[in-house]
Amino acid sequence: MIRVGIYGGSGYTGLELMRILLRHPGVQVTGLTSRKFKGQPLSDTYPLFEGLTDIRFIDASPEELAGMADVIFMATPHGEAMAVAPAFVAAGKKVIDLSADFRLRDLDVFATWYHKHTAPELMKRAVYGLPELYREEVKKADLVANPGCYVTSAILALAPALRERVIDPSTIIVDSKSGVSGAGRDPVIGSLFCEVDEGFKAYKVNGHRHSPEIEQELSVLAGQEVKISFTPHLLPLNRGILSTVYASLKKTLSTAELIELYRNVYGNEPFVRVLNRGNYPNVSSVKGTNFCHIGLAVDERTNRVIILSAIDNLVKGASGQAVQNMNLMCGLREDTALDMIALFP
Amino acid sequence: MIRVGIYGGSGYTGLELMRILLRHPGVQVTGLTSRKFKGQPLSDTYPLFEGLTDIRFIDASPEELAGMADVIFMATPHGEAMAVAPAFVAAGKKVIDLSADFRLRDLDVFATWYHKHTAPELMKRAVYGLPELYREEVKKADLVANPGCYVTSAILALAPALRERVIDPSTIIVDSKSGVSGAGRDPVIGSLFCEVDEGFKAYKVNGHRHSPEIEQELSVLAGQEVKISFTPHLLPLNRGILSTVYASLKKTLSTAELIELYRNVYGNEPFVRVLNRGNYPNVSSVKGTNFCHIGLAVDERTNRVIILSAIDNLVKGASGQAVQNMNLMCGLREDTALDMIALFP
Amino acid sequence: MIRVGIYGGSGYTGLELMRILLRHPGVQVTGLTSRKFKGQPLSDTYPLFEGLTDIRFIDASPEELAGMADVIFMATPHGEAMAVAPAFVAAGKKVIDLSADFRLRDLDVFATWYHKHTAPELMKRAVYGLPELYREEVKKADLVANPGCYVTSAILALAPALRERVIDPSTIIVDSKSGVSGAGRDPVIGSLFCEVDEGFKAYKVNGHRHSPEIEQELSVLAGQEVKISFTPHLLPLNRGILSTVYASLKKTLSTAELIELYRNVYGNEPFVRVLNRGNYPNVSSVKGTNFCHIGLAVDERTNRVIILSAIDNLVKGASGQAVQNMNLMCGLREDTALDMIALFP
Amino acid sequence: MIRVGIYGGSGYTGLELMRILLRHPGVQVTGLTSRKFKGQPLSDTYPLFEGLTDIRFIDASPEELAGMADVIFMATPHGEAMAVAPAFVAAGKKVIDLSADFRLRDLDVFATWYHKHTAPELMKRAVYGLPELYREEVKKADLVANPGCYVTSAILALAPALRERVIDPSTIIVDSKSGVSGAGRDPVIGSLFCEVDEGFKAYKVNGHRHSPEIEQELSVLAGQEVKISFTPHLLPLNRGILSTVYASLKKTLSTAELIELYRNVYGNEPFVRVLNRGNYPNVSSVKGTNFCHIGLAVDERTNRVIILSAIDNLVKGASGQAVQNMNLMCGLREDTALDMIALFP
């Protein structure tokens, strides 16, 4: 039985890790930290756990938590993970960081969008935890940077087309829409029910921190530097990201051929589904699951492809993908505890 | 491996049966009928099943479906089940009916609220499938009438207090609120998004068909005829029923004593949770699960109890309870495939 | 042109006052205070005012605001109004308080539910601003205590039945459901979108501060002390309160007779509508308006009445009623600027 | 007093016309037709009108309705308006058609997307009723084709940039998101609450009927044939369209310069608001109003503009714009009865 510690577990990604790991046959959560809620049962904060677990939040140091666990998930805000990750790695633990602290390979880019990195050596060592791109590296990693939610949806949408050189990288537009849980559980006015319900807007136009992360990975896939337009929007719903991606074709391709190309790439992936022609993904079809649904269309009149991808931002966009990475790192079956079926309606 | 047939499986209760049974280790769904969608893959109607099952709707007669399955779930509208149930029972199948056709013991009452019953002999044979009240009878039954969703929430809220004679049965008021999935998937104006969203109303005041079903079971529990006031309301959300139940105390009782009384009754129940003092259930804490959460308070100023119960109308209020009954009828562990953790947020 | 000042105007009731008063032909808002947002245009906080008004929040003292206005609305949190009201009254202004500070006539009851009152003399002078009960008093008042939102819905539902002595006051149960805007705009976890959406629960069972206010007014109407059971619930929608009220009849009465009784009382009221038999109110039909819709049913089997009332908690439950009171106090037509038609869907 | 007839008034655009026209000081609705609801009071279908109007649906022929009214709104499904419009025009009435029947100038294009046109002569005579582009023509028209909702949002977003030749017309991408009321009130499965709530998806990718209408008007503005990529999405909310528009710049332009360009064009428009730099529109800020809010950004890294426009699909996208057109046609002040302030929250 693998012992798991969750560092900073009171937010929605911590909640989602608990939801998944309580049903994982190979692990036991032995430590769950929160300064704010220390001493309280998890089921006081999230009554859905009533009768399912007695676990309480503890206020443990990284060293203490390392002493209790073999695998560590860091579910802290950006900036905190790089402060504590060295302790976990030094103790020989397998570490999965759900924050942005180890996602960017370029320290200058990181400093531009966040602040000066305090663990630059560790950053080099971190593996970018998108199994569909880096499965083998993840298996050998001791520090995995779990991708951002928007990023996961954008890269899975674009990877096959970019790698096969069928689209022009300079024409990529990613129009993304996310549910409110992506903003976390901080009590801020912008996340209040009345501010969000019956509303819809773009935010951080031209300036979302996920842009450099998307561009980093798309550049690797394209073999050249890629700059995109990325616009995030806030949906009045709990869970889900839909990304609508546009790009110009470099050669003539039918929708059927494009679908075949994607199925060749993703055919064996446990969590990616390429939909039939004329079908387009709905975030409600992946709610609560680790799946990514992808729909494809070629607009022959404008010679553009339109790629639609849907994920659950808390699962494939965060905690589910983190467990997927843990499974790979620990030699378990990749989909262990991740066989959820979407809750609809 | 038990073979399961679902008769009339295109609605939300059929969908929910599939969601649960696909993860049930002891059964296989061998037949799923729908006249309307015959020939189509389930995943066309509900894209969440994409890549998870190849099952297609068939248009099989009861006799044909009986030939393919050991256990039959009937998820048809009221009135159809009694027409086809005789064929299933005659073929020696274990049958669970999710409609109202076999829930009422009194044929006259049934005729008043529905229409003349066409299988009166079978009605006498049917067991009322609320395991918390009739577990032993369900184990031996071949025809189980799965309770209504409102009814389940009301009876679980009231059973301990009525049986222990601490409340006056003539004072019971059940004020219930249900999510929209309780209305099914029929395309009617009243179920349209724009008619329901940002709205809230009572409906069928004094005239909901669940009233006689609630009264039937409460009368058994009270050992006397019980008449209640029952008001259903429509909530602008997908899943969940919250019932707020009021009754006058027959003797002095503190909230702590009331909670203890309920815990004595429900302590070993796998799916009922009695919350601590001061905690009251939220439908979002049981969403997607077979749990019933119950909160209790004594209002000493008015000498009334207030009992709050929350269930997911599609799970404990329909398909989850149906699987619970199947597990009991088939000698399986009662909670097999029912260990879901609520999806929140 | 009457000059209006709003003290503490950055919350939802302040917003709603501005929405109504900008279309009021007889008044001009000359001062709008907020310590937090001072100096900022109202349209920065609420972009819906873009291009409609240039007004900015100022951080004015009560004395300063009094110097700028003839009528003062106090839209501050409970406890603050009683600190500043004396200054407004001393300056000879007409004052309407939207908080609870002047609603309770009994200082001990106030102290029990809130804290020691610091302006007890003023409390005696305040008129309870429910025009349907106290129209003539409001016309002459210089300090009006605007009723609570739940209270307005409960009293309008019960007043005719209580006054005409057709129900037993000891049997009253008020089961109320409110939209989230009733909780205001404070950034607290419980009001976050993800905590509320797809959820429904009761809160403050047996302990909501509106209970004594409801009982105070019902006691006046009944001519005897009345104690009720009152349970508030939180609806996943922006605006609206529906109260479902139960009480036992003291004499035999048909639904038609009950409706007639209510229409006799409310027939000339500009904002109360008694629905036809079989119709029950929906909060979406009064959204954005100052109306109260009332539906009535007699349950002959249990000899109880069921009364349903719907209001918009921010309009008839707060700012609309406040403007209605201002109109009365200033000798204007009572419905000036209050002729909104509900926004549906 | 201008007499107004509404032909086909039981849907949401008919409802919205009634909501606006009941508060219009210069008109009276003298006829409201519906075959389905004939004889019933409007307030039975939409209880929000309780006590506000006694009008009932009638089943009048075009000739009969023409005899009762000076101005006719046609709020019928596509295909019906062209059958009845000739009668209204022949009777000398001013006619505003809210359907698509008279929006396309090219009969072949119309036939491709709809079916053969049965009133081709009238089509030539119709004026495209977007006042921001065709105000003077509308004033003189007797038949106005009220623009589509998506179209209005797209054209208002693009008109200044296209006319001033600052963007490359071949690079335009319109990613639009609409609330559910845009689908009307037909009881279809896809519009059910449970199918939409907590979901988000694109639909009619590459094939929405609004595409040719957008392209027609953009081509006029650009002075050359324009082909765009247009993707509509369905938002889980009642009202509102947000369009996110991308295009490549033909010359270097700062965001500030772009905003100035738009303000020069729209500065005197009563219903278009160009937001300050860094502000982006939210559909909740225009809910229930005839406003269009526009936000602008230049992405210097990719040399693209991002234009965001928000409208209420039932108001500026349908009935509000129709009343705006009526005001122009009748020589009334353009914003009469259209001074609504958004209902938020």
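By written order: A, B, C and D. Residues from 1 in each chain.
The rule is short, and it goes like this: contacts are C-beta pairs under 8 Å (C-beta built on N, C-alpha and C of every residue); 3 or more make two chains touch, one makes a residue touch a chain.
Remember, predicted model here, so these are calculated numbers, not experimental data.
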Selected pair, greater C-beta contact count between A-D and B-D: A-D
Distance between chain centroids, defined by C-alpha means - chain C, chain D (Å): 37
Averaged-CA centre spacing for the pair chain D and chain A, given as whole angstrom: 39
Distance from chain D to chain B - Cα centre to Cα centre, in angstrom: 45
Touching two or more other chains - residues of chain D: 12, 180-181, 194-195, 197-198, 236-239, 281-282, 284, 287, 345
Topology of the chain contact graph, where touching chains are joined (line, ring, star, complete, other): complete
Residues of chain D that touch chain C when the two form their complex: 12, 15, 19, 22-23, 46-52, 180-181, 198, 238-239, 273, 275, 279, 281-282, 284-289, 291, 293, 339, 341-345
Chain C-touching residues of chain A, taken from the complex the two chains share: 12, 180-181, 185, 187-189, 191-198, 236-238
Interface residues, chain D side, partner chain A - complex: 170, 173, 175, 177, 194-195, 197-203, 205-206, 227-229, 231, 233, 235-240, 242, 244, 246, 280-284, 287, 295, 297, 299, 301-302, 304, 306, 308, 310, 345
